[in-house]
Each structure stands twice: as structure tokens, then as C-alpha cells.
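Sharing a structure with you now.
Labels for the chains are A, B, C, D and E, by order of writing; each one numbers its residues from 1.
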Amino acid sequence: MITVLDFLLLLFLIVCAVAVARIRDLLSAVVIFAAYSLVMAIIWQMLGSPDVAITEAALGAGVTTFLFIAAISRTRRTE
Amino acid sequence: MDTVFRLGDNLYYLAAMVLFIIGFHTMLTHANLIKKLLGMNIMETAIFLFFVATGYIRGGRAPIMQVGQDHLYVNPLPSALILTGIVVAVSITAYALSLIIRLYRHYGTLDANEIALLRAREDE
Amino acid sequence: MDDLVTRSVCRLMVPFVQLYGAYLIFYGHLSPGGGFAGGAVVASSIILYALSFGRETAVLRVAPGISHLLESSGGLWYLLVGLCGIMLGGNFLANKAAGFYLGIPGQLFSSGIIFLLALGIGMKVSSTMVTLYYNLSAEVNDEDGHGI
Amino acid sequence: MFQQLPVILLIILLGAAFIVPLLGRKREWLAFILTAAVLFALFLGAIVLLFVVRYHGPFTYQLGNWPPPWGIELLVDYLAVYVLMILGTIAFLVMAYGARDLQHEIGTNVRHWYYSLYLLLLFAMSGMALTNDLFNLFVFMEISAIASCGIISIKEERRCAEAALKYLILSTLGSGCFLLAVAMLYMVTGNLNLQYVAGGLPAALSLYPYNILIALSLIIVGLGVKAALFPLHVWLPDAHSAAPTPSSAVLSALVIKIYAVAMVKIFAVFPAELFAVVPVLEIVLILSALAAVAGSVFAMLQDDIKKMLACSSIAQIGFVFMGIGFFEGQALIGGLLHIFNHAVIKAMLFLAAGLIIYATGIRRISEFRGLGMRLPLTMSAFVVGALAMVGIPGTSGFVSKWYLALGALESGKPFYIVVILLSSLLNGVYYFPIVITAFFGSEPQPSTERRDLPLSMLVPVLLLAAATIFFGFYPRPLVELLQQVLASQGLR
Amino acid sequence: MESSVYKFLPVFMVLFPICMSVVIFWVSRYSERLRNGLSVATTVVTFIAVAALYPPMAAGKVIAYTIFDILPGLGLSVRADILSFCLALISALVWMLVSIYSIDYMSHEHGTDRYYPIFIFVLGSCLGIFMAGDFFTLFVFFELMSLLSYVLVIHEETKEALRAGYKYLIMTIIGGLALFFAIVIVFELAGSVSLSEGTLVAVPSTMALLAFINFLIGFGMKAGMFPLHVWLPDAHPVAPSPASALLSGIMLKTGAYGLLRVIFTVFNIPLIQEARWDIIVLVLAVITILLGSAVALTQEDLKRRLAYSSVGQMGYVILGMVLFTERALIGDIFHIFSHALMKSTLFLAAGAIIWKTGLRNINDLHGIGRKMPLTMGAFTLAALAMIGIPPLNGFLSKLNLGMGALEAGAPVYLFVLLVSSLLNGLYYLPIIIAAFFGEAHGEDDHETETFKMSEATRGMVIPLCLLALSCLVFGLMPGNIFFELSRKAAAFLFLQGMP
């Protein structure tokens, strides 16, 4: 049976994804995407893949966000 | 009621599909290149979620060997694959970002439509 | 970012982050982690350093040339270790079949070459990430903006 | 010993890709020599593998001695050997040509990176040809996508960056679809190894038909994007024309084909009953027919020579997919044969176009007046290419069209012959005027700036032109090889 | 020993010109005279090689063998029988005379360095068509000839020539693709496209009809059959005159040859008659005859009028092959001979006039007969033959065709022939009358000009007169060699078509 936590986390993911798609400020979108990645990491931990969880936390939430921010700082912030 | 339960059982797949569609949609319809890239990342993580969910066994444990113990383990193969997938996704993101920066330097905009317009004018 | 707090915190954090990255790399076959995750953690420590102290300072510590070198040699190392399998009569990347010392499960030096492979991957991933960051944050007139 | 050969080929390609950047810009010639040597080794290795496969039959190779369902497996069969041979030959010749051409197309500071990316691309493509594992296939696809974008965007022109980004985004879309399909297949069969997937599919088909159907359509979309199948081709004209000439040649000649090969490999896994029930192959056929005509129409509208050649590739990949769409007998032979023939012809045409640009700086077809006198050998090669594209007998283009047409008759769909003929006619309509403008209708200006072209650029073009004619008259070895491909894939 | 020589001859006569064209191309850099000499020598040697094949051919032997297989069941093969010999003989003969004529005609033209090699190469590929042992080989040489003769068509490189050439090229490609389609179907139905295996397709079916129609498109395109003739009146006049002579005189016949092979070898007479496919061809042939002759009337340009006349004459050839009587077939094959001789004479004469005076328009040719009596005499002879005046060869072919039509129980075709002859008369005779009896248009010095004979050079006039005389000889002499050959070929073909 699905737990409430699972459900909430997945809901949060979807909300984050929609927010990333809708928000016009790129920097905010990237930050929300970082949150999305972290929640994703939690979900993977719950799904029994700690390797993926760690990698996602480091690469998805960490490095990707760095790279996005670096790119935005070199270009422009609004859509 | 039965349908709801079955839906609940497949919640991860369902969420993965929803995320996939959101990402796909963002990637295709947004003109802003960075938004496209974010959409791409969402799409990819959705696929990874789907993949990991296929290997998940309810009540299984993370596949970490502990001497002298015998457990029901979660299938380790999908997570091993997803590791590779994440790295590939990150490198593609990084490469695309470097291209975007180059484009911005040349065209002064991040809008794919505007860039296409500028290019068409340049070709003439 | 001339913020004293940021810099001090970073100076304190970087060694620990790197240690954690090394742990992930070396204990990848025993606990969650491995070359990819560990390499990324090590790389993020360097990127963190670059973010707080500025790119120029970071370049002094880890030069792009070194990063390039590590990138290539990480890949080559992986291939070389894999080739050992062939040398010892197994297939490429052979581990058990090539007769590597498998050790006692649960100890650091166990499961043969996986440890060595993780080292190669860690090198490769961390240096690649650093290179990527350098390239992305490079100045406009920098001519080396191409490598992936 | 030969058991290790496939993986050794992959290792030297990857290893060289790592070593080449280390040599740096100071010892660029060394980097070039290493690249060329490795590519030549790939070609030789493919030939050796051909003999091994011929005498000992197809064999598999387990990486790290992991037994199949878990480990990654390389499968050396006739198809893989055939593809490897194409890769080795064309890549080597294109690189030989590139030695001079790159010197004026891209900067010194990135040239060693170019070699590295080129080798990486070849590594990925060889891997795709050899691998027997779905996920591994995906990884190689991604590597090849990054590497091909790399060799496009390496040129310091802004349209290259734009083309590369467009390609990268669409190609990631494609691989995303593909990965989702792999996940779905894994979900229902529990395996990634193609043989085991094939074993599991008939049972899974009765339990989860929709999963498999969705997976199949995702595969078509995913690989279709990457191979530029008709409605998904939008990235191709820009990407292939903006790139430096050697990249264009390799991208058009090899990269888009390798995805078609992957599709053949994957389709062979699905049970035949599925195709009998679901009109998947018909859809591929219809798309390929549209591609064959539409690509030619696009090409007719172009004035830029490289863009025209790129558009023509859309039409030609349509022929390859037509063979796949029939997925049996002669037509499949024709489609697979066209992979080789088009690789040779299109590589030759791109290199010839590159020579023209190198020698005169002219890109627009309307300015080709009198080029035949200035660059007689190059333009003669172009003539051969044009003839082969139309499918004049005696050129290799004829043979593949012959098999496709026979296959279409065999399957009772003569309509597709009309498509083939229409596309060939359109080819004639846009290839021949180039030749005519180049050779006729201008005041003969003998010996005006008849610039001597470097031999290293001319020889590959002429060799490829010779191959076009040679395989027009002697396609038997290829056809026999392909018949064995079909036999070993369990197809008719 | 002797038979092996004969076996080798067909290959030789194809390969020799092709190889020589390379030599000529190379030589032309160094010496024009050597180049010209070599070109003529090549055609002469080729003609001798063809003629040497006479004994076995007249004895009714067939030389057929495969050189090598390209694909299973598909290869390059050789087959020389009486029909192919007939066409090869007339081709080599006309080619030889035209090559002599070319030397003087082309002396003031540009681009001769490419004219001669192509000229010789086309001879080789033309003979290759006739000596082909299967439809694939035939197709290869057919395409080779068609594409290369493009260079001859656009030789003058004027805007007009390029436009006509482009039309020609596209139509050629369409024809080639139609042939491809047809050959694929025959291969699929019969498993072979060889000419030596008797009837290939004996059962009518949709596919067979499709093949037949595609063959008709492919070869009919070349033969100038209505409605596919549209390239012909543009392409033939713009080519240099020797090339026009060959295009009209010989290369049109390759289409006719192909159709003969299709009707009598791929299919057979009962099949075509039962399926009523002959109706298609008959209707098209009749339209071709009437249309070609009628439109020729309206043309002002001499060479264009000749070109339209060719369309009409090819209509006879196409008509003759579907009447399905032996008599008609004799007339048919003999008309291939006669038309080759007549039309090349006419084009060469027109060429001589253009070369000497630069006049192309018929209205300008008044009085030209007094200036160039030999040229116009040859023209007159050939034109009379064209109309079908009794002692000339054109009469003999029309006679046989007409009698064949009667034998076939279709006198309506005889009527068509007569109407067409009348039209021929209407458009040829005025030229002749004006040329000999008309007043020259020249205003100031026509008094002096008209009485001064100024023929073209000897190198042009002699081949021209020889050709014109042959029109007379092969009409006057009953039982002449060409007629005998036609009879044998017709008998042979008829036997083949009647399983």
C-alpha cells in the first residue's frame, strides 16, 4: 500500500516541475529545480537505491545547479 | 475502488509519466533555451524514476551486502544503470549550457525563435 | 564575493567535503556511493571554492591544464585496469575470472579491481566537472571554451 | 586471441580519444597520425572480424566475464562486422581528407579536441554496432550525440553553435524516448540483453501488450529523431551543413545510419506476430516514402551546396528506412546495402563540396559556373555521385534501388517503386543542373587559376568515387554478406 | 578457332571505341590532326569489326554468353543475333561516314576536345545496346548512351541548347527510371531478364501490363513516340549537325530496337494480341505518324522540320512492329535501315548548308540549290526517298509496311501511310523546288552569287553523297543486302515471337 509520504513527495515533485515550467524568473526556476532534485534524491533513497540518491544529490542538485547559475550569470536572468 | 488501488500500486509510474510529459512539453514549447534545458532535465529524471521504479520490490532492502545476512534485495541493476544515465544527463546539460552561452554572446538573446529569425536574416 | 563569512566557512568545509568524496570513491563497493557520486562531490568542493574565492584563485589551485590531464588519465587508467583482465587471461574488465584478489567481503581491499576502477571514474568525473565549470565561467575572450 | 578483438577495437578508439588531447596543440601532427592510425586499425580489425565470423560464426563477448543476463555483452555478428567495416573505411578516408581541410576550417587551439571528439564518435558508433545490450546502446547513443554535436560546434561560427544546440536538444528528446522504451521493455521482460529480451517478449506480449506497443512506438520516435526520419528531420539540414566538411561527411554518411542499424537490431528482437497485428512497419514505410520524396523536394529548394547535400540525406535515409519498413527479404538487403552505398556516395559528395569550398570559397550552386574547368577531377567525382544518386546502372546507387524495388514487388507493394523512382527523378532534377552549370554554358577559361589541390584531399574523394563505380559492378560480396546478415538474424 | 574470333567480336566492337575514346581524349591535348585521324580510324575499324560478323549472322547463328554476373541472375552478357547485327551494321556504317563529315564540320567549333571522345564513346555504347545479351546490359548501355549524348546535344552551349538539353536530360532520366521499373518487374516475374531464354512473361497480369507500359515509356521516350516525343524537336536541331544526324539516324533506333525486343522476346505475339495491348501501341503509333508529319509542315527552321519528320518516321517503325505479320516486320526493319540513311543524309545536308551559309530558315533557302548543287542534290534524293518515290529505299519499306497492313487485315493503316506520305511530300517538296527554282532573296549581289558554285568542303560532301547514293542503291537493287538482312531478321524475330 502506498504511504502518504510517497504520495506527498510525488505531488511535491509534480508541483515543482510545473513551477519550473511556469516561472518566468530563470534563477528562481533553477532554484526550484534544485529542490526538485533533492526531493527526487529522497524518493530514490526510499525506492532502495542509495547510490542513485547520493549521485543525484551531488550531481543533480549540486553540480547541475552550479552550472545553471553560472550560465545564467553569464547571460540573463529573465525569460 | 479497485482501480484506485491499482493506480496506487502504480503511483510511481504514474508520477513518472506526468513528469515526463511536463518535461517534454516544457522542452518543446518554451522558446527560452534555459527553460528548454530545465525541461530536458525534468524529462530525464522522470525516465530515471520510471526505471528505478521497475526495479523496486516492496519491502526490499537496498542491495548492500552484509556479511552473514540474507534479505530480499531491491534489484540493483536499474540503479546501476541510472547512475550512468545521470552522469550522461549532467554532461549533456553542461555542454548545452556552454553552447547557450556562446549563442548569447553572438546573438544577445536566449529566445530560440528570435535566434532562428536572426539566422534566417543572416542567410539572405 | 568578498564575504568573509562565506570564505571562512568554505575554507573550513572544503577539506571535509573532499574527504567525504574520497570516502565515497573508495568505499563505493561496500556502501552507497562510488566513482560517479564521489567524483561529483570532490568536484563540487572545488567548484564551491571557486565560487567563494573567485575563479582566478581556484585556477591557481587547480589549473585547467591539470584538470585536462586528470580527465584523460582517469579514462586511460580505467582502460588500463580493464586491460589487465585481458592480460591475465580473462575478458576486458574481468575481475574474478582474471584471478584478482577478492578479499574478504566488507573490507576495504575486497572485490578486486572495482576499487581501482572507481578511482579512475572518480578522477575522470571530478576533473570533467571542474573543467565544465571553468569553461562555463570563463571570460568572453577565453579561447578554450570548447571541450565538453 | 580473436575473441578479444572487438573489445580491443573499442579500447583503442576510446584510449586514443583520451590520449589525443594530452598531445595538445604543440604536437598536433602526432595527434593526427595517432587518429589516422587508430581509424585504420578499426578498418583492419573489422576485416579480421569478418573472417573470424565467416569461419567461426558469430560470437559474443562478455565484458568482465559477467554471464549474459547481468553483464554487458558484445555481439559480433555479420551485421556488426558489416557496420564496422563501413565505419572504418569511411572514417579513415574522411580523416585523411580532414588533415588539410581542418587547417583552414577550425582554429589551431581546438584541433586536437576535434580529433578526440572524432575518435569518441567512432567509439560510440562502433559500440552501437557491437553491443547486445539495450542500456549500453543508449549510453553509446548519448556519447555519439555529444560527440557529433561537438564536431559541429567546434567551428567558430555562430550558426554552428545554433545548429549544434538544436541537434543536441532534439537528440536528447530522442534518446529520452528511447530510454523510456528501454525501461518499459525492462519492466516487462526483466532483461536488457537483446537475446533475453527476445526470449521474454512473446510471453510478455500476451500479458502487457500496451507496454510493448508503447515501447515500440517510442523506439521508432527516438531512433527516428536521431536518424532524421522524415517528420523528425528538422535539425538535420542546419547541423550537417554548418559543420566543418569532415564532420558533415561523417555525420551524413555514418551517424544517421547507425541509428537505422540500431533499429534493425531492435526490430529483430520483436516477435514477428506483433508486426503482423500492429501496422508499425507500415507506418515506418509511409514515413520513409514521405522522406524519400520530401527530402528531395527540400534539396531542390536549396542554393547552398552543403545544405542541398544535407537535405538529400533526408531522402536517402528514407530509402534505408524503406528497407527496414519492409523488414524482409530483398528490400531489407536493399535498405542495408544503401547504408553502405549512401555512406560512400554522400561522403564523397560532401568531401567534393568541401574541396570546392576549399579551392574557390564558393558555396552557392548558382555561382558554380565554369567550375568543371577549374576543378575537373573534383567535379568528375561529383558527376559520379550525381549518377549514383539517380541510380544509373553501373553505380552503386542502382544496386540498392534494385533490391528495394524487388523487395517492394515481393511484398506486393509496387507503389513504393513509384516512390523510389519519383525520388530518383527529383535527385536528377537537382543534381544534374549542378553538373551542367559546372561544366557547360560558360566561356571556356582554360588554365585560369587552376589551383592544384592537395593530394591528401583529392585522393579520398577519388577513391570513394572509384568505390561507387566498383560496387556498382561488383556488389556481390556485399550482397552475400547481407544475405548472411539476414540469415543470422533469423529473417528471411 | 574461327568461332572464338566471332565470339570475341561483339565485345571488341563495344570495348574498342570506348577504350579509344580515352585515348582520343588524351591525344587531343597534343595534336588535333592525330585526334581527328584516330576518330575516323576508330569508326572504320569498328565498322570492319561489325561487318566481319556477317558470315555467322547470315548463317543464322546466335552468339550468346555471359561475361560476369553482377548479382545472381543479373549480369553483363553478350548476344549477337541477326536483328542486333542489322542495327549494329547500319550504326557503324553511318557513324563512319559521319565521323569523316565531322572533321571539316567541327573544325570551326569550340569544345572539339570533348566532342570527339564523346562521339566515339557513344558509338561504343550504342553498339553495346545492340550487342547486349540481357535487359540489364542493355539498360546500362542505354543509360550510358543517353546521358553521354546529352553532351552532344548541348555542344553549342547556347541558352537554347542548354534549355533543350535539360529537357532531354530530364526526359532521359524519366525514361531510364521507367525502364528500371519494367526490368524489375520482369525480373521478379520471370527470374531473369536474359534475351536468350525465349519468352520471359507468357501470362498476362496487371504486373505484366505495368511492365509493358513502362517499357513503352522507357523505349518510346527514346524512339520519339507520341506523347513522349516532346524533347526530340528541341534537342535534335540544337545539336551540331553530325550529332543531329546520329541522334535522328541511329539513336532513335535504339528505342525501336528495345521495343522490338520487348514485344518479341519479353512478351510474345499471342500474349500481346490476346491482351489487346497492341491497341495501345497502334493508336500511339498512328498519332505519332500523323502528328509528326503534320507539325513538320508548320516548322520554319530546317533542322526542326527534319526533327519532326523523324518523329513521323519513327511512327512507321513502331506501327510496323505491332501489325504482327512477317511482311510488316520486314518493312519495319528495312525502314530502320532506310530511315537511318535518309535522315542522316538530310541532316548532313542541312549541316552543310548551315556550315557554308549560316542559313537555317526554310524561307532563306531559295536558290541554294544552284549554289550548292551536290548538297541539295543529295538532299533531294533523300527527301524523295522519304516521301516514298518508287525506285528509292523509302518506297520499299513503305511498300512492305503497307502490304503487311493489308495482310493483317487492317487497310486503315495503309491509308495512314498514304496520308503521311502525302504530308511528307507537302513539306519536303517546297524546299526542293524553292532551292532549285526559287529566286534568291539576296538583294544586292545575288547575280554574281547565284552562279558561283560554293559547295562545302570535300570531306563533307563525299560522305553526304555516299549516303544519298545508298538511298538509291538500296532501293533500286532488288534483293540487296539490307533487304536480305531485314528478311532474315524478320523471319527470325517472328519465329521468336510465336512460341
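The definition used in the following text is that contacts are C-beta pairs under 8 Å (C-beta built on N, C-alpha and C of every residue); 3 or more make two chains touch, one makes a residue touch a chain.
No experiment lies behind these values; they were computed from the predicted model shown.
A.B. asks: Would you mind naming the chains that touch chain D and likewise touch chain E?
C.D. replies: Of all the chains present, none is in contact with both chain D and chain E.
A.B. asks: Kindly list the shared contact partners of chain B and chain E, in label order.
C.D. replies: Touching chain B as well as chain E, we find D.
A.B. asks: Mind having a look at which chain is the central one, using mean CA positions?
C.D. replies: Closest chain centre to the overall C-alpha centroid: D.
A.B. asks: Count the C-beta pairs in contact for every pair of chains, then give the pair with the highest total.
C.D. replies: Chains A-B share more contact pairs than any other pair.
A.B. asks: Can you give the whole-Å distance between the Cα centres of chain C and chain D?
C.D. replies: Taking the mean C-alpha position of each chain, the two centres sit 35 Å apart.
A.B. asks: Rounded to the nearest whole Å, what is the centre-to-centre distance of chain A and chain B, using the mean of the C-alpha atoms as each centre?
C.D. replies: 10
A.B. asks: CA centre of chain A versus CA centre of chain C: separation in Å?
C.D. replies: Going by mean C-alpha positions, chain A sits 23 Å from chain C.
A.B. asks: At which residue positions does chain A touch at least two other chains?
C.D. replies: If we look for residues of chain A contacting two or more partner chains, we find 50-51, 55, 59, 63, 67, 70-71, 74.
A.B. asks: Taking each residue of chain C in turn, which ones touch at least two of the other chains?
C.D. replies: In chain C, the residues touching two or more other chains are 32, 34, 36-37, 129, 132, 136, 148.
A.B. asks: What are the residues of chain E that contact at least two other chains?
C.D. replies: In chain E, no residue touches at least two other chains, as defined above.
A.B. asks: Which of the chains are touching one another, listed as pairs?
C.D. replies: So the chains that touch one another pair up as A-B, A-C, B-C, B-D, C-D, D-E.
A.B. asks: Under the definition above, what is the set of chain D residues touching chain B in their complex?
C.D. replies: Residues of chain D touching chain B: 70, 135, 138-139, 142-143, 145-146, 149-150, 153, 158-159, 161-162, 164-165, 168-169, 172-173, 176, 179-180, 182-183, 186-187, 192.
A.B. asks: Using the touch rule from the top, collect the residues of chain C that touch chain D in their complex.
C.D. replies: The contact residues of chain C facing chain D are 68-69, 71-73, 75-76, 79, 82-83, 85-86, 90-98, 143-144, 146-148.
A.B. asks: Would you tell me which residues of chain E are touching chain D in their complex?
C.D. replies: The touching residues are 69-71, 74, 76, 110-111, 136, 139-140, 143-144, 147, 151, 154, 157, 159, 162, 165-166, 169-170, 173-174, 176-178, 180-181, 184-185, 187-188, 207, 210.
A.B. asks: Touching residues of chain A toward chain C in the complex: what are they?
C.D. replies: Touch list, chain A to chain C: 50-51, 53-55, 58-59, 62-63, 66-67, 70-71, 74.
A.B. asks: Using the touch rule from the top, collect the residues of chain B that touch chain C in their complex.
C.D. replies: Going by the criterion above, the answer is residues 62, 64-65, 67, 83-84, 86-87, 90-91, 94-95, 97-98, 101-102, 105.
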